[in-house]
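In the two assemblies presented below, chain A is common to both, partnered first by chain B and then by chain C.
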Partner chain A sequence: MLLTSVIIVLREVLEAALLVSILMSLCFKLGIERSWFKWGVLGGVVGSIGLGSQLGFISSLFGGIGQEVVDAGLQIFIYICLLYICVEFINHYYQRHAVSGTLRAVLVIIILCAMSREGSEIYIYLSAFQSLPHASVSLYSGSIIGLGIGLSCCALFYYCLLSFSLLRTLILGCMLLTVVASGMLLQAGKMLIQADLLPDGQLWDSSAVLSEESLSGQLLYALAGYEATPAPAQLVLYLFGVVCMAAVVLTRYWHWQRRKVSAKVAGYEE
Partner chain B sequence: MNSLRRFLLVSVLSALMLVNFIAALHGYRSSMVEAENLFDQKLQAMALQLSSVPLRTTNNAPAPDDESMVFQLFNADGKLVWHSVHAPDQYIAANEGFSENNFNGYRWRTLSYFNFVNGHRIMIAERLDLRYRLAESVILESIVPVVVVLPVAGLLIWLIIGQGLKSLAILAKILRGKAADDLSAVDVGQAPNELMPVIESVNSMLRRLAESFERERRFSADAAHELRTPISAIKIHLHNLRDEYGQDNESLLSLERDVDRLAHLVEQMLLLHRTTPDHYPAKFERISLAALAREVIAERYGDFVSKDQIIELLGSDGDIDGDRFAIGILLQNLLTNASKYTQHGGTIQVKIEALENRNRLVVVDNGPGISADVKERVFERFYRVGGDRHSSGVSGCGLGLSIAEHIAELHGANISMAAGDNDCGLAVTVDFPKTRTALKASRSLAMEKYGEKK
Partner chain C sequence: MTAAFRLVLFAVSVLFYMPAIAGKPEFEVAIRQHLFEPSVIVIPANTKIKLWVSNEDTTPEEFESYELNREKVVLGGQRSLIFIGPLPAGEYPFFGEFNPKSAQGKIIAE
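Let's look at the complex of A and B:
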């Protein structure tokens, strides 16, 4: 029970906390105030309980595939939000204007959605097993250990990101967000496969090399949506996610670089 | 990172938690494996004992059990001769040795053992969930403290870091509480070696700053003082020359005007440096602005009369904490300026108003005034509106308002300029803090501003 609790909680906490630590470090480096964070967390906690307690109703939607569809929808929505955030961060790096209300709202929504999705799974797990009297110590100990490992990893990761220069943090942050967001698309693909909305299959089985249950497997799952046995549809979605986000981010980056060069040339001509 | 203490607490606690929890998990897994081995050994010992029990009949009464462990004993013919109450009739283990099997609605750890001495086969089983629970409850006794102790560890780390950063906090407090004119060395007491270079650098910088200020002050004061003597000598010689060449000699009149201007400039320079907020040895006392203004007006009355100007003193007493000499200079400069730049027959008013938290001194005239764009610049040293060719044609050195600003800063007062009554002329307003506490607060703020300006 203890190990199961650790794995389940760690898996969910890592995924949300890694995203939060990347966003927080980027905001800190770019001088974007972070008061939005508490609202996102508060909304995430409420959303977790709400989503977890209404699971029965959600599952019954869309002919019994409601949970999968809602889960996949949330993941795709977070992907789109992260795409917007990356572009805004690059804009903010080159042009330090006041942070717009939209950007703040999107940051709150991302944290809210990510925490609700992951938190609801923890809520369901805990509420399902808390009725077993003999299991409560191992259940809660395991959950605290999972939570502790997840939060520790992310806190250290956050300070690690802060140790880089602004440009490096921005580049690294955008790359990480691309990977995380694409990982979410991959997970959305998994949900859609479970709902029979996408074809199933197995491209390879890498569980012998890196088990999904190991700590490094959990980390890679949280960071890049690692799957030991991915389906072709998942791989297609993942690649689409990486290419699309990288293209948008690079286009924005080059746009600002060209403007910078043009401004320099204009300066020389004057 | 915003806070060094928070960074250290979070990162140290995270590292500690990560390492401890991973170690605890590793310990948990190893202990569980070890517990499994111990349970298996116990099962094996029991099987050995049960298989050696001498059985007289082939139909023995079932042995009592506690549902968590059951056994079956078969004789050399393979006939079930003895079993525990809850053991099923069929074989509970399919394979020789240890295996896991399902029966009675549970999963069991089973051992099938053949005794070569008497030809008996014993099959013994233990419920997996119960032994797993038992093993876990024992191991959790060592895991739970690791989890529970974390808040204590966090508190201890917080206190230790606080103690470690105490010298830094003291240094920050001293620097924060330092007045802008306090350039004395910083003393943190028993500072750690890591902080010593910072303290030494700060003290060295403060020392050099103090020396530099002192040099500047002494040079200006000495220069101005040394200039007074030859100017006085020139004035005497000029007086003698006018007696010799006649009082109306144009060249000598011009020379007298220039020498007067030079003398005024030197006096003003001397005053400017005397009244510099970080040098001036102010003696604060309770003074009445109205009484002081009356004295200054009386002293300068000749100037107003010579230009047929009307001078009025209006308002309340306006008691403030201030340096009598400095406030006198401030009033003198404001009134001299007003008289200088106001036309013949103009009106100059000195108004003293008691407001809620401050006493306001306003010197207002109906002269030409100054344009908005130069209002800030007139407080700069040697700045004169229109340069030396001021439209009024009066001589000046552009230091009067700088001195007035210094004196205002010294008193934590705010000096500003606006158009006079009916948008005509100029009104110079000085807001003095009313109480001693407000004076201290405003003075500290003003000194900071002065330091930044410097």
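Let's look at the complex of A and C:
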């Protein structure tokens, strides 16, 4: 029970906390106030309990594939929100301005959705098994260890990102957000395949090189949605995610670069 | 191709797709005392199947398989549907994430 609790909680915490640490470090470097964080976490806790307690009803939706549809929907929604966030971060880098209410709201919504997805499973697990005799001590101590390891990994990640210069943190942060967001599309694809809304298949099997069960496999899963045996539909979604996000981010970057150059030229002419 | 024609094409393809969903072979697996029963499920290779997972325990379980790329929480007393395949012939282990030591099984596609 102890080890199972550590693994379950660690797996769920890592995924959401890695995303939060990337967003937090970028906000810190860009001078964006971080009051949204506490509201996101609060919303995430409420969302986890809400989603977890309603899972029976959600599962019965759409002829028994409600769980998959809601999970895929949340992940696609987070991808779109992260796309917006990357653009806003680049805008903020070139032109510091007061943080808009929309940006704050989107940050809260991302944390809320990411935490609810992961937290609902922890809520279901803890609420169901705490009533078993002799289980609660190992259940809670395991969960606290799992939570501690997950949060420590993310704190380390957060401070690593902060150690770079502003421009490097921005570039690295946008690249990481692209990987995380595209990984979410890959996982959404997995859910849609499980619900029979996308075709299944196996492109390759890399489990001999990097097993999903191994520690590095789990870390890569949390960061980039790693699958040892991806389906063609998942790869298409992943590539679409990367290309789309990279195109939007680079277009925004070039837009500001051009403006900088034309402003310089205008300055010389005067 | 007009938008209306595309809409008709989509509706027709959905209509043709619906019987395909209904026609998939169905298999059952139960969870009792944190064990899968039966623990070995033999399914036809290269065929998409519907696997119904009935959790007869009062506690929830997560049906999980790295080989099958599947994960689904099944609450206590609930019956859940998971689509599997089409799979090439072989063995595909699965386990219950909440009770990984006892809840283990495999799907054999042949």
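Operating definition for what follows: the second predicted complex is superposed on the first by the 269 of 270 C-alpha atoms of A that agree within 3 Å, B and C clash if a C-alpha of one lies under 4 Å from a C-alpha of the other, contacts with A are read in each partner's own complex, and residues count from 1 in each chain.
The rule we apply is simple: a contact is a pair of C-beta atoms (placed from the backbone, for glycine too) under 8 Å apart; a residue touches a chain by one contact, two chains touch by 3 or more.
Since we're looking at a predicted model, the values are computed, not measured.
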Three-chain arrangement built on chain A, chain B and chain C clash or fit: fit
Which of chain B and chain C A:Ser138 touches, first, second, both or neither: first
First (chain B), second (chain C), both or neither touched by A:Leu2: first
Chain B versus chain C as contact partner of A:Ala155, first or second or both or neither: first
Contact breadth on chain A, by residue count: chain C or chain B: C
Touching partner for A:Leu61 - first (chain B), second (chain C), both, neither: neither
Gap in Å between nearest CA atoms once chain C and chain B share a frame through chain A: 7
Residues of chain A contacting chain B in one complex and chain C in the other: none
Residue ranges of chain B touching chain A (in the complex, touch as defined): 1, 7, 10-11, 13-15, 17-18, 21-22, 24-25, 28-29, 133, 136-137, 140, 143-144, 147, 150
Touching residues (chain side chain C, partner chain A) in the complex: 21, 48, 58-60, 62, 66-67, 69-76, 78, 80-83, 85-86, 88, 97-101
Touch list for chain A against partner chain C, complex: 4, 8, 55-56, 59, 63-65, 67-68, 121, 124-125, 128-129, 132, 190, 193-196, 200, 202, 207, 211-213, 227-231
Chain A residues touching chain B - in the complex, by the definition given at the top: 1-3, 6, 28, 134, 137-138, 141, 144-145, 148-149, 151-153, 155-156, 159, 162, 215
